[in-house]
Each structure stands twice: as structure tokens, then as C-alpha cells.
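Each structure below is given as C-alpha cells.
Shared chain: chain A. Partners: chain B in the first complex, chain C in the second.
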Partner chain A sequence: MSQAPETDPTKPGSQEAGEAALIDDRTWRRVINGLLVTAVAVLLASALWVSQQAWQTLDQVLVPEFDRDAELVARTVASEIERAEALGIPFEEMRGVEAFLADYLQRHSAIVYIAVTGPDGAVAYAAGAHLEELQAAAAGGALAPLEAASDVGNLERVRNASFPLQHEGRTFARLQVGMDRAYAERQIADIRWDVLIVLIVSLLITFELLVFVVDRNILTPLRLIDRTVREAAAGDWTVRPRSRGRRDEIGHLMGELDGLSRRIGQAYGRIDQGISGLRRIPEQLAVRLERLRRSVRLGFADETAGTIPSRVDARLPLFIFVFAEELSRSFLPLYAETLYLPVGALLPFLGAEPLPRDVVIGLPIVVFMAFVALATPFGGTWVARFGARRVFLAGAVPAAIGYAGTAAALSVYDLLVWRCLAAVGYAVVTIAAQGYLAATAEPGQRARAMAVFVAAVTTAVICGSAIGAVLADRLGYRATFVVSTALVVIAALVAASYMHEPRRDTAPVKARLREVVRALANPRFAGLILLAAIPAKIALTGFLFYLTPLFLDSLDVSQPAIGRTIMLYGVFMLIGTQIGAWLGDRGGRYASLVALGGLLTGIALIAVTTVDPRDGMAVAVGVFGLAQGIASAPMLALLPVLCPAEARLYGETSLVSLLRLSERVGSVIGPLLAATMIATTGYNATIAVIGGLSVVTAMLFYPLAMRIGPAGRQASGDTTA
Partner chain B sequence: MTGTGDLRLFRPTRRSLLAGLAAGALLPAAGIGRARAAEPPYRIFMITWRGWEDASQGFKDYLDRRGLRTELIVRDAGTSRDKVAEIVQEAIETRPDLVYTWGTTTALTAFGTVGAPDPATQITDIPSVFTIVSDPVGSGIVEAFDAPRANLTGTLYIAPVETQLRTIHAYGAFETLGAVYNPQESNARLTIDQVQALAERDGFSLIAEPVGLDAEGKPDPASIPDKVRAVKDQGAEWLYIPPDSFLNVNRDLLTDSAAAIGLPSFAGAENFIRDSHGLLGLVSRYYNVGQFTGYLAEQILVDGRSPSEIPIESLDRFSLLINMQTAHRLGFYPPMSMLTIAEFIEA
Partner chain C sequence: MPLPLRLAVLIALVLLTAVLITARLNYAKFVQVTENLDNSRYAFLAQDLKATLEASLDLGLSLEQIQNAQEVVERQRARYPEILAIAVFDDRGRVLYNSGRARPDLLERLALESTVAGVVEGDRIAATSLVNPFGAAVGGVEIRVSARNAEQRNDTMLASLGSAVLSAAAIGTAAIGLIAVVLLHGVRRRLQLQARIIASIGGAEAPAGVPAPGRFHETANRALAELHDVERLVETTRRGS
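The block that comes next holds the complex of A and B.
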């Protein structure tokens, strides 16, 4: 971190620019990037080595495990056939052998066939699939000879285990058990993926923690020293009592600075005293003393002077909090499905079911999205009134209750109540974190502060959805919600210990929502919302949040694999965002990029209905994430282009808030639309319709975009948020 | 009452009393130290038909293992109906605590048919149990399995006919079933009627041949081989042997004639397979049936239950018997699925 003070002090510019020169954002980013690279390099190297070891062990442990499975089955089957032989039943006259083998086959999914080869080596009795491979091997003499011991060998698609069948020490036939090589490989691949996911997630979490620790222990104190020195240079020699609490070098340095301040104060006091003893003050001295008196501030500083609120203080608790919510991303509809209860079972007098089952299962997502939308404006008001830290802590309360209730839910109906609470908590906490980040940002750096917010949320989305699925697979749904509850409590504890209430004077005057809503009357703004923002959210909640877990589960895809698929959305959205920002900065064709996002989404969704969804869904979700990422920054950049008057009147931030709020209509519609369609037409048709909607709206949006043409340079400033 | 704890232990297994499992392992433990020394011994009057065999032994062993002090008065009829009548008179006069009868004829002679017993010659007021009666309802001993008489209940030892037919099917499917039976035995006739009903329902044909009668009007053993050949000639794929005392006595002749002409045979009674040349049997082991009957006796004597409260039941599980010698002779081997569950009788 020695590079921090090396920042060029000769940088020209005003006082303000100079003020940020020592520990400005570039420095911060450089330190963090250096950290990231180092941490990633070291962790990746060690983790790859560990994974490599684990993978090798897998081969050594799991493959023999499959062989053992086959042997176990073989032993049971063999003993029966040997019994028949012992009873004197001639080998070629054994009856019902095929049905008997088929019965065993049915109970072991990893085994594709069980067969018996006779003394001549030919297949005498067999049940199962891929038998042609065995027959070919038997005809080609590739199998172990009659008298050989147990033997395992690979055929094309089958791993064949061969066991001698004996009576009184004489081998009279051989049992052949075929295992699906693909099955074994799938199992191993699944475990490898889990290892990889845990690796990535621990890497990201480590990074978050590193950022937090470095910022708290190095960057913030350096900033504090920087500020203190700078303020001293400007004549502020007040003593900052808070700053001496630390026991490290930085605390020591701050103590020294404080001592210096105190000594200067004492020296000044002595001068003051000495002067008061003089009868006549020389004019020249009086003028100099007066100048000194005017140029310095002495005495004691106020309470907040010894601290600098850092955005990182909000980043870690926000990360943990969002992580808690995302844990259930890949299985919430599946959990709701297990809790489903027909309304008729509760209220028999109602008669017919008011809602189809699929819709009821989608309601927890719908309710969550709706309550996030409803609570967000209140959250904003509360942050303005009570401060971000207090609102963050207050929001954690309903969230924790919500998750605990979700973990213990009795039916899908009380689950709705718990999800409401969680939604209110989520809305309030995220808005508080945003408020905190905005308030701690240096003037003109609000976009970067919002980038911190987006980064924390996206990292949490990626980690949470993947690790949540692994947790659910190993511990169960309810236990995973218990983990969420614990994480919310931890987030609140971290926030309580590290978040300082920032000075609120920096909060800009925000336009009232009631007024900003008038922007909706601008047809171009309304067009952006209706034809781009809302369809995107419909696809997000309807396709990804609701349909994907249910669909993949119906295809017998494992829970961790569902989590991985959903994680891909976050990963590719991150990549897409970079591409979108880059392309937007290059060509400024924001509207085209937004249309491209919708088009790409639609094509991915429609395409997946024509291929095997087991593999296709992952690709579709990845492309979907990429498309959404590409469109996200240009969509915000479009705002001042589409409605320059409103942007000037209310401020861009207000327009962004309005966009975020109104697109939530799509979040609520998404699961409802998908659920209703699934109930009537099935998964594939539903995916196609959501994709079609995306294509059609993008096509309608495009003429609008063409009419505007390439956006001017004026909008390129705020593309990263 | 010390018995209830033991009963709870025993109840789950009683219906599935299999081989010596319950008798050998569980029961002695339950019975240890439970000898009811203070109570006078229960006087049980046992009427057997053809001597002391497995069912009676199972009955006695059960009561002994349960620690009941009993005084057994054993009378054997020597397969004579008149002798049974004499023994019944003795029972009526001596008034034991419980009467036990073995076999259909014994039970019919001792208790008469339902609704028409004669108190002078038949037992109407002494608690009684019967066993080894193949069809107590068909033969009129009781009205229904769940409607025992006031003083009489008992156990079944024959598997339901439908189950028997399913078992035959599992060994080797058939479309035509043959049967030879004694027309003078109600057991046999009733069972053949049941098979006929199922044949109509399930769409297979039954060829039933009554054995011939001799000059005195008695069933003639010499006619058996011809009758067996007759059913085979009419296309029968299996020979079904109903519960029938006459056939039981002549079981070797019957099963041997079938095996000799390549006709596999099935019986619901043990002897035809275990001690003869029948191929396949679904049977209750007499010993187990005897134990089950002992359990009924215990409920009546110790727990004071009325026989009218104890329905007539069979054991839940039956033994699958396969005579491997006959299988070899026929070249007709059991399917793999039966190997784990069957008991094989080898030479």
C-alpha cells in the first residue's frame, strides 16, 4: 500500500481537485485492483491445486465406488443363480431368469444391464439396454474367459463388470453387470462442479472481506491522515479526540498529529498569555498575530471529525444481506411446491379452486416483487428522515423474521406473509445501503458509489444462487432459510458495528415522486418502460426466477445444477454490462443496444424450446444474462437522451428511480404470466411466449430508437451505474 | 394379568408365524418364569383323527412355552367317525376347560353343523377350538369366518383358492387346469366348486374328474391313475389336488401317476409335496397352524375371551414347497423368482 502516498501531488487543478488527490478513487481502485489480482492469483493457484487433488481423488474413490455398487448387485444375483445350479436346475433350462434380472435392474439406476453368459461365452440370459455392446464383446471374445476371476472392463458406453458363477468350485457361467459410463461421469462432473462453485464463491467472498478489511484498516485511516494534514495545512489545528483510539501505526501517527495540534494550541496559548502581559503591543506583531488568529482554528473538533464514513462500511453488510436473499433463488418455487395445499383443503366451503396450482406456487415471488416495489419509496423517505444506518438496521428486523418464518412455513399461504416481510426488509435495506453509499461519495462520484452497490449486489447474486442450491441439496430447503436468517443477523451486526451515520448535508434535494411521475407522460420515456424495461423484468422473474427452477426440476436436473444454471445469469450479466458500457461509450447507439438486449433475450428463449433443455437452458440463461447486461447501462444512458427536459427538471437520479419503480410492474407480472401459461400450455410454450414478447417489444422499440438516432456525447457520463 | 405384556410382544408376529422363528426364538423368552404355578392346570381335551402329529405338537408346544400349566386328555379316533362320537360323549361327561379337535370330520362329529347341533351328542357349551379344517364355512361348522359360534372358534390351514391358483400361475402359466377329487368328501367338492367359479371369472378351463367308486360305493384308489390320465388327455397342464382325506391317504399313487405322465401337480396341503411326489404346494405348516390354535386357546383360557369374539383366520404367510425330485423328473423347473422364497424338498 506504499503506492498510496506516491500519488502525484503536482496535479494541477483547483483546491477541490487537490483535496481528493492523495487517496482519490483512482488510488482506491488501484489498491483494490492490486488486491484483487493478488488475491485471485494466490487463491486461484492454491484452490486449483486443491481442486486438482480433489478431482483426482474423485476418480480414485468414485469409480471404484461404482464398481463396488455393481459387485454388490452382482453378489445378490449371483447367489440366486448359483442356488438354481445347486438345486440341480440345468443352466440352459433355468426359467424366469430375464424377469428376475430385470427386477434387479429396475432398482439400480446406475446399472444398464445384467446378463448371464453361458459356458460357451455367449449371452444366455439378459435384461437391460446397450446389450448389443455386450453381445458384440461376447462374440469378439472381449469378455473375461469363463474360468477367470472377477474382472472390470470398459466397452464403448458401458463399464462391464464380469463375475464367475460357481457351484462346488466349478465355474458354470459368468454374470455380466453393465454400468452406464455416462452416469458415472455425470456424477463425477456434478461433484466437480460443486467444488468449482465453492471455489468461485469463496474467492468472491474472500475478495469482499479483503476489500472491507483493507478499506477499514488502511485506506480509511490514510484518508483520515490525508484529511487531517490537509486541514492542518489550511490552518485547522483542532484536536480530534476520536482518532487516537487505534493502537496501530496509523493510530500512533494520528496521536502524534493530535499531540502536534495540542502543542501548537498550547504554544498559541502561551503567546496569547505573553501578549496579554505586555502593556503595549508592537503594531507589526499585532498585525501578524491577528493574521495568525484568522488563519488557524484551534481547540477541539466535533465528534465526527475523527471518522470518515466509507462506502465499504455499507458494502459488506449489503453483500451479506443480498447473499441471504439469493440463497433461495434457485429453489423458492420448488419450496413453494412442497408447501402447496389446495385452498379447498383449508376452506372447504369455497368449492372450486380459485387459482391454478402453478399460479399459487408463483405467488411467493409475485408477492415479494410487489412488496419490494411498494416499500422502496417509503424506504427512501425513511432514509432521508432517520438516516441510512438506522434504516438499514430497522430493515433487517422484518427480513430476519421473514426468513425465519419462511424456514418454518406451514403452507404456501403463510409463506406469502413471510415473503412480504422479507420483501419489505429487502427493499428498506437495499435503499438504505444506496443512501449510505450516495451520502459517503465524494461530490461528483455518485455514479461510482452506485457501481459499488451494483458490484456488491451482483457478486451476492452469483454467490448466493449457486451456494444456496448446494446448501439446499445437502441440508434441505428449510435449513437453507435458517442460514439466510443467520446471515441477515450477521449483516445487521456488521452494519451496527461499522456503519457510521454519514453527514446528511450532502444529500441532494430529491424531486418528489409525485412530480417525477409526470415524466411518464413523455411517450418516449413511457415507450422505454413499456417496450424495454418491463419486458426485461417479465423475462427475469417469469422465466428465470419462476420457470427455470420448476422446469429443470421437472427434467430431474439436480438442485446444484439448477443453482449453477441460475448463477450463469449473474456471471454473464456482469460480462454483458461491461460490453454494453463499452459499446455505448464507443458508438453511443444506446437505443440500438437496448433493442439488441431484448432481441437477444427473445432469440435465446425461443431457441431453447427447439433443443434438449437439459443442456439448452444453461446456454439460454447465459445468453439471457449477457443480453440483459448489454442493455442495462445503455438503458440508463438513454434517459437524458429520451427526455432531456425532464432530466433537467427532476434530475437524472429521479428518472432512474422512476424507471426502477415502474419496471417492477414487470417483475410482478412475470411469474403470474408464466404460471398461468404453464398451467394451460406447458413449459416450452411459456418460454416461447416470454421470448416472443421480448422480440416483439424490442422490434417495436427499435423504430423509436431509429427516430432518435445515435445519442449525443452529453449522455455518456453516467453509464456505469 | 401378566399375559397382556406378552401378548403385545407376540401379536405382531402371530399372523406371520413362520417356521420355527417365533416358536424357537421369541416364545421361550416370553414364557420363562411365567409358569402359573398357583393356578390349577387347565384341562384340555384333545380329539385327534389320525394320531398325534405336527399340528397337535405345535398346539402343545405353544401352550408349554407360554408357561400354561395344562393337563392334556388326548383321545385319538383312528380315522373312525364312530370313535369320534364315543370320545365326544366322554368330553361332555368330564367337562374339560377346553376341547380341541383335529380335522373336518372330527369337528363335524363333535360340533355338528351350525344351527343344528344336538346337545345330547355334540358339544354345545364347552369352549372349543378346531384346527385342520379346510373349509369350515362350506362344511357348515360355522356360518362365516367372522361369525364363530358361542363356544367354538378355530383356525384355517388352507390358503385361499385364488392365492393357490396365482401360485400355480407364477410357476408355470396354464389355460387348462385338471383336478381329481373324492365326490363323497364335502371339502373336496366345495373346493372344486370354488375353482370352477374362478375358472369362469378368470377365463381358464377346469377339467375335474371324480374318482370312481367300488362295489360298496366307496371311492376306489385303483381308479386314480386312469382319472389322472383322463384329465391330462383332455389338455390339463396342471393337476390341482383339493384338500381331501381319501386323496391324502392315496397321495403316493395320485402324485406318482401324475409325474409319470408328465403332469405337474399342485396341492394346498403339505403331505402331497413333502411326503410324496407332488411338485408344488402352498401350505401352512401343520406345526405353525397348531401353534396358532394354541394362541386361540390361550386367549380363551387365560384372557377369558369368549370363542364368539375370536374370528376364524388363517396364518398370513404360507410356505411355498417345491419337490425338486419331481421337478427333475418332469424337467419342469421353478422360475428364478421362486428360488428365494420356496422351501425345496430334495431326496
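The block that comes next holds the complex of A and C.
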């Protein structure tokens, strides 16, 4: 039933057409790609249509609202000027009018100017900005004439509302109120960004869900049918696909197969019943029975017989789980800030504050990273002992409690406890998902299975950070953590329903951590960790996770804009990873690429301190993501080159695990360093120091990686050395 | 349910969820923007009243002694029909001047924030504290506005979004259904053929249109034949004994 190379399985008349290639890769790829393209096109069109309707309605509503506000301000201001006229003060001799207008100007953020034009139409009194437009319009006769009724019109950058100022039924001047046209456009632009983010996130989520839906509804049942038919063709009728009441073509096919198996089982049953009535089995019958048992095997299926574990089973719950964690990426320090209480308020006997405020705000990230590092090795052991599915489900429990507790946190101090629980859950669940993907990988396809892990996590990072910011803006921080809790529960339910404990064949012997740690004695490996991996994580957690939300918030950047900025890291990291892998494969310049990643990171961070950070931060985060992506794959590829003996002794996987574990030190140091520095030197200096650290370590790493020990020459397949 | 329909329904559900999220976020942003405008508008009115009343306080009058305060309050309310009530109250919460159904209950909040704007008990309110020349809070001004306008505005947006979502969902589902039918046409035929082949196993002759049997077909036929042979042999033996 598997695809036979010598026949064309797509032609119904071919010899094996009846049975061959239910899972014909080319056909299915075409079908799935076609469905995905259709789904994406439909989603794009639908979301744009819905958003367009929303923007139109908003536009229709906002313009009259602005006109009302202009009228409101005009009425208030007009009554004062009309009173002055009524008191007999000549219009030309009114004093303090401009200060009076300036005072009103401050009370409404959308008003750019308030002015009074005299009987000749020229501007007599004015306060505010863009007055040159008003003066030009007055000089050009573009404003409403003196005796006209209220009038509203658009100037280049201003929506000008003009109102008559009257005394005893005679118009003596006109009040001009300018509303910032860009105000409305800014509000709409902000929504457009949000909708664009929602669209991108929807597309990515739809892709994840579609992969899952197609796999669970088509590919996995077909794989099961394929396996049933293959094994039955070899005489094994043990495996029976369960149609679970499906009424489509696949269900019908499964039903037919099931019916056939049942017919064979019933015949067996009748034979057994017949034999049980015999006092003696004649030799001829015994021979036939033995032959039958050899050619038609029938028995009880084991627990995995009716299912086929698939990579997709773990991909969706992993995606949902990481998505839940990433929802808070853009605001966790801001949330911690709102929960901050001086220790002195809780424990007055302590006197002076033991830790600066900024450091306390950074602690939730620090403890999270530390507990992820601590729990990861245990997670690996538990997966080996209890199985990936059970550990995934067990890990979801502390995670859900952690997020629920975070949502209800009373202060930054109990928040630390909840973040510890969430970290343990996160470490255990991600390790379980990795274990599941490794266990379900076909021989020789482990890298592809790990690529599924990376893809799910990266997609979740991009989606989570962006949509989390939008949710926090609309629903608030606590409600967003409630959403995280719900998502963790959903991830666990999906895992419980669809993950099947893979058959535990003889697992590859994995070196024990305490043995692998000896690899740190290799100065090249230690150099890679100290000069490349740890600085990268310091920049990630210190700059991106901790500093960026706080810094942008201090610049009055909106929460969705903070989320969009942080999302850029994931997007550009994805691009950088492809570039790094491509460059690495072409030239083998792994050390150069790792050093380049550090240098680019440093330059981006230092450069942002010299420009307007409102725009500069987005560019810096993008370049930072690109740099980290460029360095990520070469860093792993460099391991066996820098320490070939250790790679042979402990295995590359163990070295990668040790690298990942060691770099968590940087994840813990990052927020602490950033917080301490912000408290003493401010944001710009902190960014410069983190950037400088990246530059210095990158410049130190490159010559060290090239020159220390015998691996130097190998690494300089890197010809730039 | 045929395979294309099954897939189309699943994909349509996913897409509908995404479109609903998009619509919900648009709606939430709309409400946020218009509420901000409302808040700043009525806060502006409250600030205007505050300026007028504080000008009298600056002259050394107490809040109770401002003679034209009631007239100012009534004039402001008359200008804006959506205003339900305007109240001026002292630092103990006693209403000194009011127009409409005043319920000043914001003293505690005004002690913390100088200006309050938002929705309370279904009404939009804007309030600000009144401060004498020495900086002491002597009371406050509260404007209470009917939320009906905002509700109507939100209903307009809901209706607009609702019709957009419904039309997008209907057209989208139809498009996906159509494409799924086209894309899965060959696959369905193949699956139907497979089912017919399996159904024909053990039968006297293969149904029309079924191609030459493959290995599975032969093995299954052989197994059934073998089972029937053995079954007959068992039966014969049982009768003989």
C-alpha cells in the first residue's frame, strides 16, 4: 500500500491502483497547500472586509464627534468674548484674550488652535499651532464670511470650525477652532496596526490549526488505514482502524476495513466454537489450523494499535501552551510595577529597602528564568521515566496554577511564587513536547521533528507577544493572565485527547548531566558559553524582556505598540535563522556568524541610544532579532567543531542540552543587570552597556574560537580567520 | 458528511473564530476611542464649571455664597440635552447647587484623583474637585450624562460589524466548500474505489470498474477462503464424530 516507485499510483487503472498510495505525498501536499492558500485568502479578505467596515463606521462617527467638540469649546469661549463685548469693551481693545484662549487650548487634546477673526476677516487673537494655515486661509478668503452661520471645513492639517460671535443680533467677529485632523487619523492608524497584527496572528494560528485539523481528520486516519492494510497484507489482522462514526469517505473506507476484520474474526470465532465441541482434533485438521494461525494472525490489539502518534499531536498543544506564556511578554515588568510594594510597607522593622525598586520589578523575570533552568533537567528525567504525555499533562498543572495566581497576585512578592510555578510548568511541558516529537520521529528525521518544535515555539512567540499586548490594552493585565490560564487548560485538554504515549523502544543512551558538565573544562566550549551564549541571553532577557516594555512605556508608547515592537524580535529572528543556516551551510563560517550575531546586537543597541527611541527601539529590536537568528544555528553547528572529543564522548545532544542549560545563567543575569543599571544610570546607559557587552564578548569570542587548541583549524573552515 | 464538507466546516469554524476576534478587537478599539472622546468632552465641561466657580472662590467667597452658581449650572445643562444632571457639592458631599437628578457620590474618588471620568451605574460621569485659593479641596462638580448616545453609537458599530462578519462568513464558507470539493475530487474517488474493493473481498466476483486486485486484496481473499475451508473441515469433522 505504500507508494510503489515503479507504478503511478494516481492512475486508477494501474496494477496497484486499488490499494496504492492512499497517502501519496504529492497529491496530499497539493490538497493541503490548496486548502491553506484558500483559507489564508478567505481569512485575509474577510478580516480586511470586517476591518474596513469598522474603520468606515469609526470615520463616520468620529468626524461629527470632533465637530461637536469644536462646537462645545466654541460655545464656552464665545460666551466669554460676547460678554466682554456686551460690557462695552471694543473688540480691538480686548486685553488678555490670547492667554484666555491658550488656557482653553490646554483643556482638549484634539484642539490645535483657538483664534478670533475680526470684521475684516483677519486673525485678531490666536493661540496654538498651525496658525499659519489659518492665516493663509483668512488671507485667501477661504474662511466663512462674517455674517455666515456656523461652518466647518478642512484646511491642510486642521479641521476648522468657525462660529459667529454676536451681540444684540449683530455678528462682530468669528471664533475659529482648529481640530487636529491627524488626531482622528492617528486613532484610526492605531486600529489599523492592531488589525494588521490580529490578521498576521490569525493567519499563523489558522495555519497551526489547519495543520492539526488536516492531520487529525485526513492524514492520521489514512496512515492508520495504510498501516492496517500493510499489516493485513502480511497476514496480521490485529490492527483495526476505528471510524468513530465518521460518515465521510474515510469513515466509509475504515468501516469496510473494520467489517472485513470482523468477518475474519467471526469466522475464527465459529472455528473456535466448532473445535470446542470436538473430543479429539484429527491430525489433518490440526495441520490446517496451524497453517491458518500462521497465515492469518488475529488477537487482541495493544493500547496503541488503533492510533498512530503524530508530530502534530504535540505541535498544537505546545503552540497553545507557549502562546499562553508569551501573552505577557510585552507587559510583565509593567504588571510587576503596578504590584510593587516597598518591603518596608510589609515589614516595617527592616528599615531601609533591601533592594532597589527596579530590581524588585525585574525579579519575576529572574525567578522565572532561574526556575526554568532548575526544572529542565528534572523534566528530561521525568519524560524518560513516565512518558511525554503524562509529563506534559502534569506540567500543565503548576503552569495553570501559576498563571491563575499571577492574575490574582496581591503584590510583586506573591507574584514571584506564581511565576516560579509557571516556570516549572513551562520547563516540564516544553521538555515533554520535545521528548514526544523525538519519540515520534522516524529514524533519520529527528532534525525535522525538532524543526517542528522550533516552528511551533517561534510562531507562538510572534503571535503571543503581539496579541497579548492588544488583550492587555483592551482587557487589562489580570484578564490577560486569565486568558493564559484558560489557554494552558485548553493545551492540556488537546494533549490529553490527541497525544498518545509513543511506543518506548530502546531509547538512545543519554549521558548524565553531571558527566556532561565535564565538557565545560574544554576552554573552547567554555568560551562559547561565556562569550557568546550567555551575553546573547543577557541581551534577550535584560534588554528585550525587561527593559523594552518599561522604556517604551516611559515614553508613553501604547501597549499594543510595545507588543508590536517586541513581536519584531520573533519575526526577524525567524528570518535571521534562515539566513544564518544558509550562510553556515554555504561557507561553514560558524564562528564568524556567531561573532557577527554578537556584533550586530551590540551595534543595534548602542545605535538606539543616539536616535529618537520611539522609532529607534523598533529598529533595534528588529536588528537584534535578526542578529540572534543569524547566530543561533551556527552556534549549535559549532559545538562538534569546537569540542569534537566531547561530542563523541557525550553525544552532540548532550552538549546542546548543556549549552542551553548554561545560557540560562545569562537569562537570570540579564534582568538583574538591567534593573540595577536602570536604577543608577537610566535607560540609555543601560542599553549602551548591554550593547557594549555584546560587542566586547563577540570581539573576544572570535579570536578565541579560532585560536585555542586543535579545533581552531577545523573551525576555520571559517576562512575569514 | 462528505469529506469536502467536513473539511470546509472545520476550516470555516477556524476562520470564523479569527474573523470574530478581528471584529471584537475592532469593536473594543472603537468603544475605547469614542469613550475617550466622551470623557474628555465632559471633563472639559466640568473643568469649565470649575474655572467659573473657582474664580468666585478666589474672590474670597465660600462655595455656599456664590450667587450665580445655580444659574451657571442650569445654563450649562440647558445647552446640552444629553446631560442628565449637574451638581456642585461641598467637601461633606452636601449638594449646594444642582440641576437634574444629582447623585454626587464621588467624594472618595475625588480625594484620590483631581478629575474623574468614566461610567458609573450606567451613566457617564465627569467630575472634578473645587479648590480654594489656599489649595484646600472645598467640594466638587459632577456632570452626569446619559449613556444612551454612546449605546446607540456602539449599536451602529455592532450592526455594521455583525453584517460584515455574517457576509464574510457566508461567502468565505462557500468559497472554501467549493475549493475543497474541487481539490478533493480525485481523493474522494480514490477513497470510494478503495472502499468498493474492500467490500468486494470474499465476493463471487469483483464489482464493475474495480481494477486488477493488489496484494492486500489477494491476501484478504485468501485468508477468507482459508477460514471458510477450515470452517467447513471443522463442521465435517464435528458431524463425523
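To be clear about the criterion, the second predicted complex is superposed on the first by the 497 of 721 C-alpha atoms of A that agree within 3 Å, B and C clash if a C-alpha of one lies under 4 Å from a C-alpha of the other, contacts with A are read in each partner's own complex, and residues count from 1 in each chain.
In this text, a contact is a pair of C-beta atoms (placed from the backbone, for glycine too) under 8 Å apart; a residue touches a chain by one contact, two chains touch by 3 or more.
Predicted, not measured: the structure shown is a model, and the values here were computed from it.
Colleague: Once chain A of both complexes is superposed, is A:53 in touch with chain B (first), chain C (second), both, or neither?
Modeller: second
Colleague: Count the residues of chain A touched by chain B and by chain C, then name the partner with the higher count.
Modeller: C
Colleague: State whether A:521 touches chain B only (first), chain C only (second), both chains, or neither.
Modeller: Neither partner.
Colleague: Would you check which partner chain A:209 touches, where first means chain B only, second means chain C only, and both and neither mean what they say?
Modeller: A:209: touches chain C, not chain B.
Colleague: First (chain B), second (chain C), both or neither: which does A:61 touch?
Modeller: A:61 contacts chain C only, not chain B.
Colleague: Pick one for A:35: touches chain B only (first), chain C only (second), both, or neither.
Modeller: After superposing on A, A:35 lies in contact with chain C but is clear of chain B.
Colleague: Using the touch definition from the top, say if A:88 reaches chain B (first), chain C (second), both or neither.
Modeller: Only chain B is touched by A:88; chain C is not.
Colleague: Does any part of chain A touch chain B in one structure and chain C in the other, and if so which residues?
Modeller: Residues common to the chain A contacts of chain C and of chain B are 103, listed in rising order.
Colleague: Which residues, counting only chain B, touch chain A once they are in their complex?
Modeller: 324, 327-328, 331, 333-340, 344, 346
Colleague: So in the complex, the part of chain A that touches chain B is made up of which residues?
Modeller: 80-81, 83-84, 87-90, 93-97, 99-100, 103
Colleague: State the interface residues of chain A toward chain C in the complex, per the touch definition above.
Modeller: Spelled out, the residues of chain A in touch with chain C are 1, 10, 12-20, 22, 27, 30-31, 34-35, 38-39, 42-43, 45-47, 49-58, 61-62, 65, 68-69, 72-73, 75-76, 103, 107-110, 187, 190-191, 194-195, 198-199, 202-203, 205-206, 209-210, 213-214, 217-218, 225, 229-230, 232-235, 237, 247-250, 252-253, 255-257, 259-260, 263-264, 267-268, 270-271, 274-275, 277-282, 284-285, 288-289, 291-292, 295-296, 470, 474.
Colleague: What residues of chain C sit close enough to touch chain A in their complex?
Modeller: Touch residues, chain C against chain A: 1-3, 5-7, 10-11, 14-15, 18-19, 21-23, 25-30, 32-34, 37, 40-41, 44-45, 47-48, 51, 79-80, 153, 156-157, 160-161, 163-165, 167-169, 171-172, 175-176, 179-180, 183-184, 186-195, 197-199, 201-202, 210-217, 219-220, 222-224, 226-231, 233-235, 237-238, 241.
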